[in-house]
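So the structure is just underneath, and the comments pick up after that.
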Amino acid sequence: MSPVLDPALPAPYRWIASERASDVEMTQAIADPVFAPVGRAWWIAVLVSLPFVLWFIGSIGWLFYKGIGIWGINSTVVWGVAIANYVWWIGIGNAGTLISSMLLLTRQQWRGSINRFAEAMTLFAVAIAGIMPIIHVGRPIYAYWLAPYPNTMALWPQWRSALVWDFWAIISYLLFSIMFWYVSLIPDLATMRDRTRTRAGQVLYGAFALGWRGSARHWNRLKTLHITMAALGVPLVCSVHSIVGLDFAASLMPGWQESIFPPYFVVGAMYCGFAMVIILALAIRWGLNLQAIITANHFEVMSRILLMASIVMGYSYATEWFMAWYGGQHSDRSVVVFEFTGTYAPLFWALLFCNVVLPQALWFPAVRRSLPALFVICVAINIGMWLERILIIWNTLSHDYMPSVWRSFHFTFWDWSFLIAPLGLFAFLFLLFVRLVPAVSMFDMRELSHKEGAA
Amino acid sequence: MTGTLIAEFQNPDMLCAALRQVKEGGHHALDAFTPYPIEGLDAELDIPPSRIRYAMLAGGLIVAAFAFALQWYSAAIDYPVNSGGRPLNSWQVFLLVPFEVGVFAAALCGVIAFLRSCGLPRLHHPLFEIPGFERATQDHFFLLVAAKQTGGAIRDLRDVLEAAGAAVVTELRQP
Amino acid sequence: MSPVNELPIKGSQFFERSSGALDRRQALSLLATGIATGLAACSKPTEQIIPYVYMPERVVPGQALKFATTLPLSGFGRGVIVTSIDGRPIKVEGNPRHPCSLGATDVFAEAAVLSLYDPDRSRTPLKSGEIASHEAFRLAMQPQLRQMHASSRKGFRRLTRRVTSPTLLRQIDDLLQQFPKAAWHAYEPVDEDSAQAGAVLAYGRPLQAVPRLERATIVVTLDADPLGQGPDQLRNARGFAARRTPHAQGFSRIYSIEAAPTLTGAKADHRIALHPILMGEAAIAIANSMGAGLRQATLPDNVMHFVRQAAADLLANRGAGLVLSGHALSPEASALVHWINARLQAPVDLIEPSDRTAGGREAGTLSHLTRDLQSGTVDQLLVIGANPGYDAPADLEFARHSAQASFRLHVGCYVDETAALSTWHVPQTHELEAWSDLRSCDGTASIVQPLIRPLYSTRTEHEILALLTGRGDASSYDLVQETWRPKAGAGFEDWWTRTLHDGIIAGSTSAAATPGQPALPVVGAAAPESSAMTVLLRPDPSLWDGTFANNAWLQECPKPLTKQVWGNALALNPQSARRLGLTAGDVVTIDADGRRIETTVAVEPGVADGVASLTLGLGRRNAGAIGNGIGANAYAIRTMASPWMIPDVIITKTGRCDEILTTQNVVRTAEDVRELYPLRELSNLGKPKTPPADSLPSLLPERPLPDDGHAWAMVIDASVCIGCNACVVACQAENNIPVVGPEEVARGRDMHWLRVDVYDHGSAAQPKPGFQPVPCMHCEHAPCEPVCPVAASVHDGEGLNVQVYNRCVGTRFCEANCPYKVRRFNFFGYADGEEYANLGFESYRAQKNPEVTVRARGVMEKCTYCVQRISGARRAAERDDRPIGVDEVKTACQSACPTSAITFGDLHQTDSAVNRQKADERHYALLGHLGTRPRTTYLADVRNPAPGFNEDGT
Amino acid sequence: MQIFRPGANTIATLLLASLGAIPVLAIGLIYQIAGSAYITDQNVTRNQLVPFSHEHHVGGLGLDCRYCHTSVEKARFAGLPPTETCMTCHSQIWTNAQMLAPVRVSLAENKPIRWRRVNELPGYVYFDHSIHIAKGVGCSTCHGPIHEMKLTRQAEPLTMQWCLGCHRDPAKSIRPREAVFDPGWNPPDDQENSGRKLLAAYQIHTDNLTDCSICHR
């Protein structure tokens, strides 16, 4: 079908690539794909992702049945893919809310086109991230012991453990993100309620819209709440990933015990999160014909952020190496040498290429404007960031203080399963999302379109 | 008895113009219903500033304090164990959880306060019966006004609104 | 099928079997069931409590009883004390009264309890492989006995291993009187034959050398390994340790000349690798330096340089210098060593060998037996306890020739390779179930008393012999008493009880013989140089001669120097490997004139050039579920003529590769060694040392430790640790540590709570390994504790870093954050339903220590300082309102240690041994700079090199 | 256009509220169940092959606990009497009572009597009777009024919480050693300080009593 707003190039406005975008057009452009009959592309996507979902469920089942020995972990490298996945997914999860709230606080007009699905991405990513620590433990049935609850053992969690901090960080963050996402969704749900033709749709959207009427008072309260939550969201996100960083930094292992970890984990999270947002933006833009709403300028600015982040990452890596050398500890230095030359050296070089070298291409406007190039870079960054996380674990654990028990990790089929299958689950959830709620915030876009004078 | 009218406009500027005239005419502008927030409208309608933030602050602080107290009580009083030679009340590290939980609690209180201050959930509302009101969430702009306490005020008000370019003006009958 | 029916845990048929004499030992608390189900834990169905019908005397349910007995190794006894709970022997410890145990144990003694419960043990007689009854066997024996009596035929042969049991020897005498034409042969795979032949050359009669290392200041070993595994290891190790602590008088110096690395070589102050055929030359060189005036020894210059230095040192210490010769030396060479020692008035006693009958009868050799078999003059072949079908030298072709005998009886604990060759097999009783007696290397006799009624209907050697001599009714108990009653004289009963209690027979130690001056042997010409490879055979440090092949603890016990488990490998030094174009892991064929075996190559510095060393005891075919098909069978290339050294072998690559399974790495990188294994030289001890960085700044304030109560700590003296692994297996037995199996080891998983790290502070050419046992450090600032989200890893009031298994959820953060990597994780249910091979069988449950939880899958575990022992001692003390005595608590590793390298005790008791050790100037904390404040600390290894001498001849 | 009936407002509000309420209630409920007899088996009586009555033997005949539970002062296990112990009397009296048939059979066939465990602790809990007896913890403190039980039941919940109750403050449960085996003993009014005196007298060190390693290994 041809888009409601046909993209006009060169774009007459900065953030809307269409001659004009009246409220009704804007609304149709975003809301109607949800009501439109399901397209073939969507079905194919679902059929592709569904097997992965089943694979993931099956893998978890087998894991619970056999025990975590099915992974490539060993007496020395006791952590592996599950933890890396956790850090990677929570990283992606951090980006959505972080981006959305930071842009909101900084009054970035273009925020409207991406915040909705960026926040959705957060929800799904954090949910998947939350699974990882649970399946990672040896006795998952007792994972709930991390929570303080009245029990006949009269026991409590051990609050000094970074894992307990994680527990609270994930829970708080997930619930926070759900509320943050939902609150800004209410007006759009009302729109859906009022546009849908089916009774079921009216009841469902109606129920979740809570009877929103768009009254001036509603808007006033909503804006107050939203901006305040954003103000809380930024420190929350930073703290969440800082705590993830503390999982390592609060230890005394060479290569982990580094004060730079928390900030550098936050940047890393934003980095791969933004990369993921761009990938999803490309998909949605293409899949829902939103070329007019997600414009080249959007990708332009996001690429710049990526570029900045990649430089910060490079700086962080360099700092690590420098501190190891400067600190003069034999073990620290030896870990760094191992990174560059040891068992996992090829992966390490690959990570440097993906996270630091390749993104430098974004210095060139041509690259920033070439969507395929952008896509490739973003995929590379996500791979690079996963490598970074797994290597933080492997390098230190494989090469710590006790040379007598240095061992390396050997990938098993099940490691691959837990690495790949969740991606399918993520895609699946996202596909459901775009079919159920407007993927872009309609009221924000209406506002924007009026500001831009396109309405 | 006073009459309340609701007028439907094509675009926000008309609505704002109408609102101004209504107030000049001494009528009461009760509320406006728009598909997106319109700058300054709440000022025109002199909606009191929201107190949501106080609720959030209070909720956040209380829960954070509770979280810290729980840690302190469980680790130092109820079942003290020596964990790696750390002090029983390692308050420095006990600050992390309260922060996380506090932020979450603040947000939660915010949402609750928001719902209360907007009177939501309100799935059933008389306004939904107004024909065409469903466009208030899409592309049309509604103004809810009450006539002043003098005879014939209703007609006068209706004129004002239509003059201001209202497409439809409906009178709400009081329940 | 599970052997549960035979298991004493199941009460009923157990009591049906009760018979007078043994009641005390039979006492089998059926409460054990309660415990056993308790171990399995979790499940809700109501437990049963099954009391006795008649309460056996002395048994208190759940309380440990200790009994002294004796365990054989290569026929020699080592006195032990076995702990038995509810009638189940669960732990072996040394017997301090016994001169060849001195309170310590070796890996084989520790592992004996596991073999006892091995479900693969033979349980019923077999007639050519078919299950038969003892009655059937008795009937089948009748005609044979008649034939044996009919003196017309001469074909009755009996093959045993080395026999030192006075009772058995007495029975053999009787037997041979009854059957004049019968003959007795003995075969011991790990023999002393060349040494004895040497004694014959030197003194005209076989004599057994008993070195007294505690009196030796200079020790020179010619391919000998007194500290290595063996029947005399414990005594030697103690003697060694006595002269290796700086405080001791006359710190000893050890020169080791050897063909392949040994534990003695590892502890030596000077070591040099020498081709085994040149060992004799070294002996000549030493002898000449003492004026033997033999022909010039042909040795490489650096070796000559080394030998001169050693000889000079020996001469300078006349009366305290000692030379020891190994298996591989020629009789002449060992004779020469006797001569040298005589010249030096060396601290070595010569005693009459104890494997002779009172009638002076001596066993014939295996080669005679096979010759007779070949010539078809043997009708009945009785193999008792031996397993020639597996361990006979290949050139004898025992398997083929044994078929010549029409009646072939095998008595053994397993249906092994020999059983497969026999017409009849009778299950033999395990040492821990049997009455018997044994002599140890120094001749001391002690009683073997059963700890439990035989689990299966088995027979002891004594009973079998009694059957032959027509005394089928006599029990071993009677037979053993018969032997000793005359010697004890009046008051036998008291004597007997005392002897059983003490675990040695007073005054039975053989007096040193005074054989006069040894003759100087005639030495032949030097062996010609040969470029071909020589394979050197060694008993396996974990499996010995293969007897223990089906013992999972021993299969998974890392070999001291290579850390290899579950197999053996052909060790070459880097140069030889390069020359042959081999790399570690290559599978090769060894071709020793026509006899071939396949094995895997391991590259090990320290092996002499042109030599490849391989251990015996693996490649079993009929060992059982654990031992079958593990490793290569070196017996298949062994020859009677030269049992320890196989010259001129051809080693060819097969092109295949195989992984050598190891549990850890030998650390050779200089910085790591320097940081983790400080080495001191005796000469520069006493110099002030830099105090270790104790505490580091922390965000958190100090948490004062309670100064009352106890503060447990351990000190390990690297100077006397010989890396023998006794502690490792002792820990495994005491703490119910599961075996993970080869596949899991290959995945980098292991379960030993205590590992012995090897640090090589030498060079590739001159490896100088040092041993560092690493249990949990019980850090006061334990990094593992704050990271545990559920407080499963916490400190207790006495300074123990405890791991609460039932609280652990398995995040593994503790191990990730442990700088010492001493925690072990149950990736699978190694003890909990996913056991390796047959280790899940019910019978093994009886070995489990009821005082220690069996850990579930997904749970982290680690060294607890044997908290169950501490707790036991505490409760015992508090029951009678007294404090725990000084050094009253001994951990399993500590009590096993032959050199007392491990000290454990209470820091708050000022006069505790551990406090003394901590005051030593060599004291250091491993990775102390991390501020973990370990409670387990070390004393630095001390070496005593000769001033101004260095092996390289520079 | 009105989608919902007026009542929907109330329903919606209730649903929202329950989002918060339900988890809290659920946890409370689970805690209640976990502590209840359904899980702990408190006061559960198990049918035994021989309906042995402590009420009769202890309450009535006044047998001392140690007559049957011989190792209670020496070992972790109190010990159950061997059949011979029962027969010391029952070879004379009630020699052919039906209910004692299993005992006679046991002796005759030399097969132990199988009792069902009443007080059952998990395998990872290492409870030691002897030390508790030695330090003045009476039988009835944990086993309740055994002398009034026709059939033996588990008197206390035996949860960790319950154990800790005493290990945190032993004073309130310690009694004079001579009263340890008195099933009818009741704490005096001044138990608090008499208990404290006994703590001192019996040298009970309370500081480590809640260490994990005291009960778990």
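Details
Note that the chains are named A, B, C and D in the order they appear, and that numbering of residues resets to 1 at the start of each chain.
We take it that a contact is a pair of C-beta atoms (placed from the backbone, for glycine too) under 8 Å apart; a residue touches a chain by one contact, two chains touch by 3 or more.
These numbers were taken from a predicted model, which means no experiment stands behind them.
Of all the chains shown, the one with its CA centroid nearest the global CA centroid is C. Taking the CA centroid of chain B as reference, the farthest chain centroid is that of C. Work out the mean CA point of chain A and of chain D, and you get 53 Å between them.
With centres taken as mean Cα positions, chain C sits 82 Å from chain B. Chain A and chain C have centres, each the mean of its CA atoms, that are 58 Å apart. Measuring from the averaged C-alpha position of chain A to that of chain B gives a distance of 30 Å.
Under the contact definition stated at the top, the residues of chain D that touch 2 or more other chains are 3-4, 9, 12, 212. Annotation for chain B: residues touching 2 or more other chains are 79, 81, 83-84, 86, 90, 93, 115, 121-124, 128, 134. For chain A, the set of residues touching two or more other chains reads 154-158, 160, 164, 193, 206-207, 210-211. In the complex of the two chains, the chain B residues touching chain A come out as 11-12, 31-38, 41-42, 45, 47, 50, 52-53, 56, 60, 70-71, 74-75, 78-79, 81, 83-84, 86, 90, 93-94, 96-97, 99-101, 103-104, 106-108, 110-111, 113-115, 117-118, 120-125, 127-128, 134-139.
Note for the complex: chain D touches chain B at residues 1-9, 12-13, 16, 210, 212. On the chain C side of its complex with chain B, the touching residues are 699-703, 705, 779-786, 788, 791, 794-797, 933. Residues 22-24, 27, 148, 154-160, 164-165, 168-169, 171-173, 175-176, 179-180, 183, 187, 190-191, 193-195, 206-207, 210-225, 228-229, 232, 235-236, 239-240, 243, 443-444, 446-447, 450, 455 of chain A are the ones that touch chain B when the two sit in their complex. The touching residues of chain D, when paired with chain A in their complex, are 3-4, 9, 12, 27-28, 31, 34-35, 39-40, 157, 159-162, 164.
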